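As structure tokens, the structure follows; a few thoughts come after it.
Going by the order they are written in, the chains are A, B and C; count residues from 1 in each one.
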Amino acid sequence: MTATRDDHEIIRVLKQELFTAVVGDVLDVMGLRKQFLPAQISPLQPHMKIAGRAMPVLQADIFDDAAEAACGPLARKPFGLMLEALDSLKPGEIYVASGASFNYALWGGLMSTRATQLRAGGAVVNGYVRDSWDVERLDYPTFCRGLYAQDQGPRGKVIDFNTTVEIGAARIRPGDFIFGDREGVLVIPREAEQEAIARALEKAATENEVAIAIRNGMGAAEAFEKYGVM
Amino acid sequence: MTATRDDHEIIRVLKQELFTAVVGDVLDVMGLRKQFLPAQISPLQPHMKIAGRAMPVLQADIFDDAAEAACGPLARKPFGLMLEALDSLKPGEIYVASGASFNYALWGGLMSTRATQLRAGGAVVNGYVRDSWDVERLDYPTFCRGLYAQDQGPRGKVIDFNTTVEIGAARIRPGDFIFGDREGVLVIPREAEQEAIARALEKAATENEVAIAIRNGMGAAEAFEKYGVM
Amino acid sequence: MTATRDDHEIIRVLKQELFTAVVGDVLDVMGLRKQFLPAQISPLQPHMKIAGRAMPVLQADIFDDAAEAACGPLARKPFGLMLEALDSLKPGEIYVASGASFNYALWGGLMSTRATQLRAGGAVVNGYVRDSWDVERLDYPTFCRGLYAQDQGPRGKVIDFNTTVEIGAARIRPGDFIFGDREGVLVIPREAEQEAIARALEKAATENEVAIAIRNGMGAAEAFEKYGVM
């Protein structure tokens, strides 16, 4: 085994040497088969990659129409705990929000401005993003289901953060590694990250060999038999 | 209150100074919470903006397979009232079509050519568009659910126009203002338009102040407390 | 009638002179109304066009979790018959895959490398594609539901090829012509292809005349009455 990689090195390797396909493949081999977020979650711009530890944020649809009479602890607090969640971001952390219906934006321009100040690592939301011109100007790595300007204000709130959430089949715990490119977003569980990175680098090298063999005329069946990779 | 803005000025302000997020926010505050069309309706090209008064068009799936025997008034009329609807467009008006299944194109190249001749303001269709190369060459502001060349001819017709339609949760009456950019399409009811524009300009200015404060290090919670905006 | 066109000439005409809208229109007139694949299937890059004879490939969701005990003939064969299907491609043929859930990639980089070696004509998959950087570098015409890196390996297999498949309402037999651009993908049945191409060329010429008439001020209703086209 190679030496243990620290966070800085993991982020460098993920962003510069790897891609989600090869990391997902080795997680599959390691028996971790529910690590991809749904295919509908993609980067705001195709070139964006994201890598860092998750700070999961739990959303809920809470309407403000009868807020004065409602009994819950957050009914009258605008955005619920969203501002506190945002201000809590540590350098490199990724704001990962889920729990809301797909009817309003969970991330926007002022949030990106604040997160950039805090040197956070990006945002992954199971929903929409707005103020995309601001987010793009900041080049803040943002993954989402697309653009939609309808406001969260009277429709939803953050009800908890730094807690565990699920998006599609994937469970995301605080501190799990998040890795995304234009082909998807992966959750790499903390206990698997060292092995996954080491194996992914090996598999990427083998895939390059297979590509060369195929370009030199080897058949797909023969290449798979020889290299065990396709 | 500022002086009343005429149509020409409203269109200029919407296209050059505002964006759907801020106008949607002030409509929310005014109690108008169902003004966004569904998130799936977006511009043919990201730079396209649309602003103008709605000329709503009602579609229906009407198949021509047994048209000779069918009893309705439009069964044997190709496209139903589509050509009449198109020819009726006044300068600045927006063709807003809904009512069909999402299985064929509701707008295309020859329609854009005719609408451009009439100096209409654009098209918003709750469905697909075809002949996109022509539409783009004309730079005709067109919002839709994407591209699909399957023809309306034997599958659907316009059954009425200059009438009220609904798209998603939004109701669109003849003459309501339509405003769209790459983050969505808004319906601004006629009776709310003057107040909405005035308030949106104010809110946009405040948001700029908040962005500066955050870039200078203010926290999100503190900024919201001070400015009431996030 | 014009002379019969050979495959090489059909491909040239489809790619250089026609587009799916006009070919779909003439198939409609010929009574062939279920020839478009679903609108969600589009090219990896907007400029990509595809034309060639179909080599249909049948997929199924087959998980490898209890493969040792499973009784089917393909349970223990990685990817099922995918490698054989790929290696069987003849020059100009299009790999057309369907049958899987939309949860993993049906086409990727090494497959594109092999298909390019075999001078195949492209790929149309009713699902996702991965290794999109490789596919784009090869400029291999690839149509799909989008990008998603999740691997087919432990989730799905090719269970047959050179057989008939359905995608949406369209049935695709071995040797049917496939034609796609950014507005959709058409299946042109073998027995209709000569007539469809000849008619489509005529209709495209008429549409150009109509566009000129409209640009010169003719109304849409009048143009339809004169030319029978809109």
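One rule holds for everything that comes next: a contact is a pair of C-beta atoms (placed from the backbone, for glycine too) under 8 Å apart; a residue touches a chain by one contact, two chains touch by 3 or more.
Computed from a predicted model, the values in this text were never measured in an experiment.
Of all residue numbers used where chain A meets chain B, under half belong to both copies. The two sides are thus made of different residues. Matching CA atoms, the turn from chain A to chain C amounts to 120°, rounded to the nearest 5. Look at where the CA atoms of chain A average out and do the same for chain B: the two points lie 32 Å apart.
Shown for chain A are the residues that touch two or more other chains, of which there are none. Those residues of chain C that touch chain B in the complex are listed here as 19-21, 24-25, 28, 33, 36, 39, 42, 181-184, 207, 210-211, 214-215, 217, 219-221, 223-224, 229-230. Those residues of chain A whose C-beta lies close enough to touch chain B in the complex are 78-79, 82-84, 86-87, 102-103, 105, 108-111, 113-114, 117, 128, 130-134, 146-151, 153-154.
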